[in-house]
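In the two complexes that follow, subunit A is the common piece, with subunit B as its partner first and subunit C second.
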Partner chain A sequence: MKKYFLGAVAAAALFAPQAMAQDTIKLGILVALEGAFAAGGADGVRNVELAISQAGGMAGGKKIEFVVAPSDTTPDTAVRQARKLIEQDGVDIIIGPLSGSEGIALRDYAKTIPEKTVINGVSGALETTWVDPAPNFFRFNPDGAQWGYGLGSYVVNEKGWKRVATVAADYSFGYTNFLGFAVDFCKAGGDIVERFWVPLGSSDFGGVIAALPDDVDAIYLGVGGTDAINFLNQYEQAGTETNLIGGTIMADQTVLTSKGRAKDALIGTPTSGWLAEDNDSPEWTSYVKAYQDAFPESERFPSPSLFGVGYYIATTAAIAALNEIGGDLSGGQAKLHAALSSLEHKTPLGVISLNENRQATGTIMINEVVEDGQGGLRNALVGKAEGVTQTLGMSAEDFRAMGLPSRDTPDCAALRG
Partner chain B sequence: MQRFASRHPIWTLVIAIVVAALLWLVFAPWPDGLEDAIGRKRIFLNAVFGGITLGALYFLVAAGFTLIFGLMRNVNLAHGSLYLLGGYVGFEISDSTGSWLLAFPVVFVLVAALGLLMQNQVFRRMEGEDLRQTLVTIGISVVLADLMLWIWGGQSYTILSPEWLSGPTTLPVISSIKSDGEIVYLRYPAVRIAILVAAIVMGVAMWLVLNRTRLGMLIRAGVDDREMLAASGVRIQYVFLAVFGFGAGLAGMGGIVGGTFQSLSPGEDTRFLLASLVVVIVGGMGSIPGAAIGALVIGLSEQLGLVYAPTYSVVFTFLIMALVLAFRPQGLLGDRR
Partner chain C sequence: MAVIERQPAEPYWVERIPAPVWAVGFLLLIMPAVANDFVLFQVFGWTFILGMIALSLMFLAGYGGMVSLIQMSVAALAGYMVAIFGPSGVEALSLFLPWYVYIPVAVVIATIGGALVGALAVRTEGIYTIMITLAIASAFFYFTRQNYGIFNGYTGFNLVVPPQLFGVDWRQPVPFYYLTLGMAALSWLVVVYVSRSPFGLALQGVRDNPRRMAALGFNVTAHRIAAYAFASVIAAFGGILLVWQNAQISPGTAGIPAVIDILVIAVVGGLKRPIGPFIGALIYVLLRSFAPDALSAFGLSTERFKLLIGLGFLLIVFFSPDGVLGLWERWRARRASKADPLRGGSR
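Showing the complex of A and B:
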């Protein structure tokens, strides 16, 4: 008898969160709030709040609640926090994570919770949706390789820079973002002379700066956040003056709004990414205005950061799909999964749809850092690459044959052909 | 020195050979064979100098940490917060007055005052309770970190070095010899050289104070036997205050230095706390020369690792710490108690 009683209590405890979830929908926001991307992560949380308040706090006729789970950009923390969201907070949908290695860890974790949904925040590792993707993991942002695409041919054709050395962060996003740049750059006839990989969170780059070769047209920098600021600071102090090419997170708002002169080394640097701050499409301008109106100037960036936009689009995707199915999460959220897969998501960056791997196809913007005339810096749109697919315009076989992003992939000479 | 040499002739020989080899690597032009094997000399020199200047910064921060521990047995886990606070205040001062040098005395006084306040109002009330003090310092560091996040926000700050220290300077060290016989000297960021010189001056001054003055005598006596010193009529609380204030002020000045050649942002406090802990564990708790050697070893291993073995560079620091703990648990220059 006692056994049955215990069983009943256990069952009640297990089902309690689901019972509560009937009139509310609980979102778990998994976001890095410590480490190199802390400022960007905080912008992600702001944008989630913005998206929910724009929807009136409701999705599919149900009230939205959300829980923020802070991570520190390491995969083990991300999984631990995701597990906490699912098991303790009883969330229905996880939105996140922010950084590449976390994304891969979450893909694997997602397979263990097939009745829940994970919508990627802004992490950009290619493998997350390319290698053995999880059926309940959706990514509405282009991956890191897509973000880098288009920049290579721009610097070769417009700037005439054909020999570069590269310094990039030694982790999956660093490899992936570099791959997108390199594929395009090498195909356009460029040559990569030397590659340096620096650990994430390095603060002193003096030795690497000294090791950069002199006889190159430009240096590609694939670091971000405080690492980028440290690098630029030390680069200026060493008195080195070569053209710079920036990876996607090199000239993000987190770097452009930093205090001090270090960022001035970036003036004239072309970068590529998902955003263009001076994009004049009405969807984008009205979104930026909503962002600026929603938060006091001291508590936000001048315009939303890449991280912020990623979390905004992920949250609005969840809300749009929930509206479509009337908030019906029964049957292991099967309806939600189907709705997300076929969603033609109208975002501030145009309509985004997912491919068979639940990975977005999108437009990539080429920007150049310029002075804004008020003592600050901003990105000016100088070009676009439309409809960049997960395979960077190659066939899936060719793309697979090239190998996964790593320190030595892609092989530049082979691509130049 | 002589005693060490006569007691450990083999170790003395090993150390002498390593030092001689390093000096030769730094000053002599490299033969071609060596350049083929481990790359250009310029890269090696920059890594070594980078390691030494990084060590100088670590020394500034860890010296106060190790003094406070040696005298008061208080592991001050809020030391990193003092570093970061000093950096932020230094940024505000140098930004509003335009004077980088002025920031140092002002920050030293302000952060030292905070240190005095912490010692006098908090730690004095729980004297001798090591665990409680340690836990309280963790609490203080969390509170300070949130206060700083509130005031200065999440973005990164870099402190602009003054005009006369910006850009590189030429050192009288041969970097390479061109094929036409022209000698190329090493160019290195001027601000880093200034920091290195300042750290050496600080280190020597601290050594002199500790070994040649009455206050130093009291501090050394306190490190050896606190109770006996108090029993002999010394107002030990004043000695504690002086040391805590000085150590805190030093960490604050370290913040300006760190903000000048790296950057300041939330999280730097724990990074530097961890670095100080490693430095002090390697060098030996409570020893100033130990902190200097520990800082140098950690700085060099980080920089040489980053250039020659980037994959494993993160591991080296902790590998060194583990080796020291395994074979010389009191630290390289620590006393066995």
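Showing the complex of A and C:
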């Protein structure tokens, strides 16, 4: 009898409809906690906690609850977990995902849940908000192409590097981030000699390193996470010495704080992205201090990672919009959608607003990796590109005509024109 | 005291079906009345699909003695064929043929693919079969990831949805639940039937003693390849349902972790009976879906959810090398062997 009773209780727990109390708002945090970006994903969760605790656990007069749904950076898992958040956990707003292909999958999924809201975590595929965007999908971070913008003209004009070979990750973020670099680089008169594409999560880069041409000014590296560390290790062992140019996730905290000396190959490498760790604006410094105070040193990065900042800004955007509408989610969250679309979001990185595709326009920082004097590495701010739009300063028609990011797009010669 | 012994009448076929099967079947049929959409679509839909793919492995391993790691790749191949021949969001690559063309084509191509791998693998035994099929599975994964002309590389295909047959949207939770339930039940019945057919019995003979079967005049190699082809059909249908459930397919669908997961599901459920893979799939899906919640319920960090999944499988395999079904059978055997104190003897 006891066995049946236990079974009934278990069944009741499994099938109980989710109690939807009206005085709470439930956030679902969709984040990669497996695979190459697991460390960055964990920082995303930390920043969500920070943003909620800074708001006193309340938004629009309602209590905030959140559920974490771990993914492994594949779109299959991302959609499965998103479905669990919506259907099983009954969340109101999904914050996530983290990586590019997941973002595209979530855009398609978002269209099936028009009465809910998805605020992108930090995924950066251009297509997510450019091709057939979903009306309830909002992205407060610049996309991968925007993150790459500004670096190309910097290396041509300041460093005088005009011939480069590129090694980048063979998936949507790799293409997109590379496109931002290449558009600017080629327009400034640079030439891309050869393009290598390496699979995400590969551990052996020997073949690519051996095939890199010698007669180039620099090598562009568009890999991240553990892939970046593996590449640098093997690059060091091969004894190669060329200037490096980093993609946005190449010199992130996850790489700069890694163990071993291989990362020293990065010293002097210019990168571009959304963050500058030595940014001295008061918003940024107070945010970094709050981050450092909130978590013990062993459980965090020295300063927030790109992934963490993305999730922080997404969560604060949700809270700000909820405060604006007094937490009123009636009518299929129509008010929330309107508030997010018109939000002038004050973030540690300045004010961010969205365009008609619900995509952020933002400032891109150009950094260079330097030694921090204590045996570690850090990024030093060397330049900025202000107000980078989704179309990288081109008209929508020109941008569309260039084609979507892929192995062969953009065509450098055509841009140099 | 002569009692006329009446010859018991041959039971009607319905009466031969044991009561637990009736109970489980009834529960599964009325499930939509009690379960929410997530449980129907995600938990049970996914369970039936993974169960079908693991069932194809169980057929090969349990009746044929061949542990094949290619079944997930065969399923993904069928899924890819549906995306390529049918409709998808990648308009440049998909052919947008009608469903009565692309479903048979997908099944046939996947079956041929599975049979070809089988033809290579049947000449090996034991660990070498595992290695050769694993090698082909990883080759398939890397090929789909780097081939842009057919398989669309890392991105794969999105917006792959089932056809709107009979005015029903088959991706809605309740229709999809019954679709997967029906396909899973059908696969199970077919496997049960085939295992008792002359072909299935010959296959089990080949498993137990291939040399004797060869001496008796059976073509051992042909039986094994036919088993691969038959298992591939089941895996192919599983793969088609999987691509419809996810509405997309990409190389990660048949990545090495997914390939290993199918083996784990089959082993955890039990390789001796066709119902085992479905039990294994249910355990797998429940752990995958609720491990983070279980951790956070105990106030632990959800980052370590994989640990819980691994521990769950470890415990099952540790306590019962032949899976959950083995536990069940051992428990029954122990009950049966307990002597009845009143009548003596067993039971």
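In this section, the second predicted complex is superposed on the first by the 397 of 417 C-alpha atoms of A that agree within 3 Å, B and C clash if a C-alpha of one lies under 4 Å from a C-alpha of the other, contacts with A are read in each partner's own complex, and residues count from 1 in each chain.
Basically, a contact is a pair of C-beta atoms (placed from the backbone, for glycine too) under 8 Å apart; a residue touches a chain by one contact, two chains touch by 3 or more.
Owing to the predicted nature of the structure, the values given are computational and were not obtained by experimental measurement.
Novice: Look at where subunit B and subunit C land on subunit A after superposing the complexes, then choose clash or fit.
Specialist: In the superposition, subunit B runs into subunit C.
Novice: In the superposed arrangement, which partner chain does A:L30 touch: subunit B (first), subunit C (second), both, or neither?
Specialist: Neither: A:L30 stays clear of subunit B and subunit C.
Novice: Once chain A of both complexes is superposed, is A:M402 in touch with subunit B (first), subunit C (second), both, or neither?
Specialist: Touch status of A:M402: no partner.
Novice: Using the superposition on chain A described above, determine whether A:A42 touches subunit B (first), subunit C (second), both, or neither.
Specialist: Both subunit B and subunit C are touched by A:A42.
Novice: Touching A:I229 in the superposition: subunit B (first), subunit C (second), both, neither?
Specialist: first
Novice: So, does A:S101 touch the first partner subunit B, the second partner subunit C, both, or neither?
Specialist: Touch status of A:S101: second partner only.
Novice: Which partner does A:S258 contact after superposing on A: first (subunit B), second (subunit C), both, neither?
Specialist: It touches subunit B, and subunit C stays clear.
Novice: Give one of first, second, both or neither to describe whether A:Y171 is in contact with subunit B, with subunit C, with both, or with none.
Specialist: In the superposition, A:Y171 contacts subunit C only.
Novice: Touching A:T74 in the superposition: subunit B (first), subunit C (second), both, neither?
Specialist: second
Novice: According to the stated criteria, A:A211 is in contact with first (subunit B), second (subunit C), both, or neither; which is it?
Specialist: first
Novice: Touching subunit B and also subunit C: which subunit A residues?
Specialist: 34, 38, 42, 170, 199
Novice: Tell me, which parts of subunit A touch subunit B in their complex?
Specialist: 34-35, 38-39, 42, 170, 196-199, 202-211, 225-226, 229-230, 233-234, 236-239, 254-255, 257-262, 298
Novice: For the complex, which residues does subunit B have touching subunit A?
Specialist: Interface residues on the subunit B side: 39-40, 42-43, 45-47, 49-51, 53-54, 91, 95, 153-161, 166-168, 187-192, 261-263, 265-267, 271, 302-304, 306-307, 310-311, 313-314.
Novice: Going by the contact rule at the top, pick out the subunit A residues touching subunit C in the complex.
Specialist: Per the stated touch rule, the residues are 14-15, 17-18, 33-34, 38, 42, 45, 67-70, 72, 74-77, 79-80, 83-84, 87-88, 101, 104-105, 108-109, 170-172, 199-200, 406-407.
Novice: Please name which positions on subunit C make contact with subunit A in the complex.
Specialist: 34-39, 41-42, 46, 89, 142, 145-146, 148, 153-156, 158-159, 246-248, 250, 252-253, 255, 257, 289, 292-293, 296, 302-303, 305-306
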